[in-house]
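Residue numbering begins at 1 within each chain, and the chains themselves are lettered A, B, C, D and E in the order written.
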Amino acid sequence: GAGTDSTGSTGRQGSSGAPGAQAQRLEGTVTVLAAASLTESFDRLKADFEAANPGVTVETSYGSSSTLVQQVNNGAPAQVIALAGAAAAEPLDKSLVKQTRTFATNVLEIAVPPGNPAGVTSVNDLGKPTVKVVLCADTVPCGKAAQATFRKARIVPNVVSKEVDVKATLAKVKLGEADAAVVYHSDVVAAKDAVTGVAIQVPFNTRLDYPVIRLADDAATKAFVAYVLSAQGLATVQSFGLGAP
Amino acid sequence: MSLDARVRLSRGAIDVDVSLRAEPGQVIGVLGPNGGGKTTTVLALAGILRVAEGHVRVDGQAWDDGRRALPPEQRTVGLMLADSLLFPHLTALENVAYGPRSRGVDRHRARDRAREELGRVDLLERASSRPRQLSSGQQARVALARALATDPSLLLLDEPLAALDPDTRARTRSDLATRLTAYGGITVLVTHDPLDALTLADHLVFVEDGHVTQSGTPAEVLSEPRSPYVATVVGLNLYAGEGDSRGHVTTGEGGVVVTTSPTEGRVWATIPPSAVSLHLHQPEGSPRNTWRLRVASVTVQGQSARVGLVGALPVTAEVTLESVTALGLQVGQQVWAAVKATEVRTYPR
Amino acid sequence: MSLDARVRLSRGAIDVDVSLRAEPGQVIGVLGPNGGGKTTTVLALAGILRVAEGHVRVDGQAWDDGRRALPPEQRTVGLMLADSLLFPHLTALENVAYGPRSRGVDRHRARDRAREELGRVDLLERASSRPRQLSSGQQARVALARALATDPSLLLLDEPLAALDPDTRARTRSDLATRLTAYGGITVLVTHDPLDALTLADHLVFVEDGHVTQSGTPAEVLSEPRSPYVATVVGLNLYAGEGDSRGHVTTGEGGVVVTTSPTEGRVWATIPPSAVSLHLHQPEGSPRNTWRLRVASVTVQGQSARVGLVGALPVTAEVTLESVTALGLQVGQQVWAAVKATEVRTYPR
Amino acid sequence: MRYAGRWRTRLALGVPAGLALLLLVVPLAALLVRADWARIPADLATPTVLPALRLSLTTTSCTAALCLLLGTPLAWFLARSDHPATSWLRALLTVPLVLPPVVGGVALLMAWGRKGLLGQHLAPFGVQIPFTTVAVVLAETFVAMPYYVLAVEGAMRGLDARLESVARTLGAGELRYLRTVGIPLVLPGIASGLALAWARALGEFGATITFAGNFQGRTQTLPLLVYVELERDPQVAISISIMLLAVSVLVLGVLRGRWLR
Amino acid sequence: MRYAGRWRTRLALGVPAGLALLLLVVPLAALLVRADWARIPADLATPTVLPALRLSLTTTSCTAALCLLLGTPLAWFLARSDHPATSWLRALLTVPLVLPPVVGGVALLMAWGRKGLLGQHLAPFGVQIPFTTVAVVLAETFVAMPYYVLAVEGAMRGLDARLESVARTLGAGELRYLRTVGIPLVLPGIASGLALAWARALGEFGATITFAGNFQGRTQTLPLLVYVELERDPQVAISISIMLLAVSVLVLGVLRGRWLR
């Protein structure tokens, strides 16, 4: 515990003492909290960044966006927080925020079990009463977005459950309990063969912005956020199914 | 209703092999030293332990034949152990009513019966107390009432009177005697009190170290004990020896006892403590048995004293308190003990 | 070391108020009917119950003064209850060594001491058995050894010998007597066995219904019982009555007893059962007391019989078995009882 | 019988006990201190709260009943068996405690779901368990019953076997003995087992959300509501949690105070 | 003493016990049946698994030790108190079971975090608890200790008070009595309490991820890894869960088999 703290503060002191620090050799630890759906992309970002900056250790912790925000609000020692959806950042204590940037976007997609037993080919098929649909809860970004989509498409789906998160939503489809779920494109990509994606037409779709929020001013942290937002960083993120900002 | 049992099983350090037989209405008194296997036998009869070999047959019905055994609730048996083992959450009344209720008697009649039984052990006014609120003797009385309330065909009592005060004990003993003669079942009564055994039992069985060392009617046992333990219980001096035709019995330790009723071969010889007289000098005259012995203990008991003597023969003498004072008896002192040959009984081993 | 205690507290249905006083080396025998408050008194002396009023002082030190009380572990007290209450997870040896260990003796010496105590109760060979593997009598002996192993200044024994067989009991009794005379502490011995009380105790206290009804040396108690219960224990017929100068005692129920040692006023009169002779017809001659009574019970006891008689006076007679046969005694029968006036003792109430 | 303890004893036992209490109570105190008490009434007036409370109370009552009816006999078998396999069975029973709740939910789906091990045989009869209130009860029972069974088993092992012997010689079969002596004597154990199980069921979240989904009035229990509200407005979530605590302390305090001693 | 039971009895007890077992075991069986056994070795070879396993075992051992050292005295105080407040205190102890784990984590943050009730006084000394292994232990202790305390308290209430009386007349103070008689006699209760608490700690997820975060090798215990893997590859998550089960069954089976009877 003490290690994180001391190296972290050293980094901060270093940045205040040397404004043009990027050119120098960076040192310290950057603690990054990221939404669980970003696990794979941030693992890659971490590895690449550490390879390029041997003096820096990036520590990542993945959890649900709301958990991460709670942690920061209650004084957990983090330097960067990356969330799935700008709305998730709402409860964040604004006094802690140094900088907010969007680094990725995501769009909704219909996930169906392999073989698509209910024969879902478009959003309109979700209006059939025989198709069991699971959605995210209305309070969760993907739930809100799904509601918006149905409103735009003017359909009332047969919703059997409103799950608290994407994972639970997808699980229902993977296990064949539901015929379709409305989730994000990246989730469908991450689920690999377990589900099949059915695209939602652009007019009905909603875009979700992924913010990366910097909570500290030290050089290493700044460098990491800059790397995420760099072309290389964005490409890494996009390789896991997310869209460009 | 008759009992025919042979209980063989091994328990802890000892192997128990006890046979019991009884006719309807009989009371078998089981006595023996601590750890001899009395409780073990009782538990086997109740079906709580199973016999490894042997059998338990009651009225011709096999309760246990070494292979299949009836569970206790299918035996018509009443059990009271030395620990009273009352159900702690039930009142005294409910404890006693438990048996009749379990055997299908309706609540009302079961309670009436329980009240009757509690009355007999003089505890009606404590009917609604819980066991922890009763003294140990009161608990024992409730347990006795509980065991008697089911009219069992085999009643097993393991030291039922041990916790009772003399007054209650005397009353319970005579009440028990009345009840036991009144009902046709068989009672097995384990006790350490010779008085209980002699007054209540028709037949005594002595169990020592897992085996029956003597059994018979109280009169037989009183007159012809066949083990040192039995002799202690009935209060006789007992010697194992070789008898010859002249009436001389040579004991294992080399002592010689003379009797007027000779038995030849391996014999038991008994001397009643009250037949032993003590003298400071070698007595002249008729007594044909005189031994020089050492006083090992003197115990006053009411108006008389029991004097333990050791030497060629260990002898217990019972003398009046005056004799003790007159002889100035003290532990360690040398005295002469004399016994008339007519007081010595012998019988084959 | 002297004991001065007055135990007042209420327990369940009764209020206990018992005073005990003893000098170093004394053994106080406490007797009384079930539920009288004996165990309660013992628990208060041990510090397990606290006195509501009164005091417990040992050697001038206040163990309890009704306000502040020393916890049991700070009293030098040894306790053995009727339930042996051995620690179930410890072997017999460890149970006995527990006291010395708790009082700071090192492991080695504590075990030696424990072995010595177990030897005295003849259980050395079961030293490594756990309580559940011992018979009830063996458990009681271990508990006794455990209580004795701490050399307490106040030794509290609640029916220590109840579970023992007669042989072990006799041995333990005499061993106890030897031990108790050897050590300077005070012993409080609760027992139901008059023999234990008479042979072991210097002083007897009878507790009935929470109160002391009589106390004194065994000889005093034996000769002058002062409550029906005490009379039962010492085996005398006791009557409360009014005596006049001519030696006539009129009992409450209207019976009259004649004595040659008159005491005037409120008196107790005693008659030894062995002094009562029974006759089919009104006896002629010397006996000045003759009553026509009904046989209520006959109990055979060894070579003699106790006959319970009811009528103008309740009388227990002790007669030989021959008399029983000769008179053809049966329950319900009318007989004459005769007692010589010289056999009747009176003393003020 | 209570004794005046000595100073050293009080300290040696009191300090660790105090620490234990500290570890458990401080976080709760913090939650209460940091809560925005003025807002709580408004937060609880949210229309979703009442149905969730009602659902939580019904489902946990059902779970408690299932524990009592089914768990007690299981505990009895475990308690009286001395077969070596018993300790493995007992270990197996603790598995639902170890399983991450979400995985537990997945396992439940695999068992009772439309394509599940048992569920696939139920589906043809039109019986569908996931997404129903029954599923909530099943999920809660799955995580809570082990606590009940283990607590009651422990209590039952403590029974004096000789009391059963005596009861049986008095004519009571095993069932009657259990009903009249065995169970009454372990009532404190049963009460504490029920308290554990009920509390665990009341807090159950992961398995429920996965197996039963999150449907207002049908499967949305209080913890699910808390989770959902955490996304939207953490203050509301904390208000609901505090109500949850109050309910549990009240129910347990009142019931145990009445039933035990 | 075991009796040949009667048919009716077997049925009346066996059927509900069997149902209970069914409810608990079928989901586990389903998990095992549906698992892709061929893949398990490869799944477990993932480099993140070993550190998580190690961390889980160390932190749960610490938790068990804390329960033993701190929880036992607390249980003792509860067991011997007959104050009316005790049943409320006991009810309070069950709160961590009821609290949705994530809220529990938030409560822990509010207590021990940099701005927390206690944490703010620790921070000046450079002591920071959130996101450290200590935080994992604290979170696990918070959720697991109540199980231990309640189980052990129940066992302690069952002790025959007269044994304490006797021990004390033999010269043993309260502490010595506890050490030499009280605790040895409730060892079965302690073992089952420890098993419950340990299992609960091993499965702990919500409070840990909130309070301690999800850092590989530092705070990522097995359930947290399962959570992460569920995102990446559910099959791996199930493989890890199965390992978790195996570990718990093995540990509990072996230890209880050895310590109890």
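The working rule: a contact is a pair of C-beta atoms (placed from the backbone, for glycine too) under 8 Å apart; a residue touches a chain by one contact, two chains touch by 3 or more.
Because the structure is a prediction, the values reported are computed rather than measured.
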Quiz item: Hey, what chains does chain B share as contacts with chain E?
Solution: C, D
Quiz item: Since chain B and chain C are copies that touch, is their contact same (over half of the numbers shared) or different (under half)?
Solution: same
Quiz item: On Cα atoms, by how many degrees is chain D rotated relative to chain E, nearest 5?
Solution: 180
Quiz item: If you average the CA atoms of chain B and of chain D, how far apart do the two points sit, in angstrom?
Solution: 55
Exercise. Just give me the whole-number Å value for how far the CA centre of chain A lies from that of chain E.
Key: 33
Quiz prompt | Centre-of-Cα separation between chain C and chain A, whole angstrom | solution = 87
Quiz item: So which bits of chain C are touching at least two other chains?
Solution: 47-48, 71-72, 83
Exercise. Would you mind listing the residues of chain A that make contact with two or more other chains?
Key: 67, 70, 167, 171
Exercise. Any chance you could list the residues of chain E touching two or more other chains?
Key: 1, 3, 5-6, 102, 106, 110, 116, 165, 168, 173, 227, 230, 234
Self-check item: Residues on chain A engaged by chain E in the complex (per definition of touch)
Solution: 1-2, 4-6, 31, 33, 36-37, 39-40, 59-63, 67, 70-71, 74-78, 167, 171, 174, 190-192, 194
Quiz item: So in the complex, which bits of chain C are touching chain E?
Solution: 43, 46-48, 71-73, 75, 77-79, 81, 83, 85, 87-89, 98-99, 102-103, 146, 150, 156
Quiz prompt | chain A residues within the chain D interface of the complex | solution = 64-67, 69-70, 73, 88, 91, 134, 137-140, 160-164, 167-168, 171-172, 175-177
Quiz prompt | Contact footprint of chain B on chain C as seen in their complex | solution = 12-13, 31-36, 38-39, 82-83, 126, 129, 133-138, 141, 159, 162-170, 173-174, 177, 192-195, 198-199, 222, 229, 232-233, 297, 299-302
Exercise. Spell out the residues on chain E that touch chain C in their complex, using ranges where they run on.
Key: 160, 162-163, 165-173, 176, 180-181, 184-185
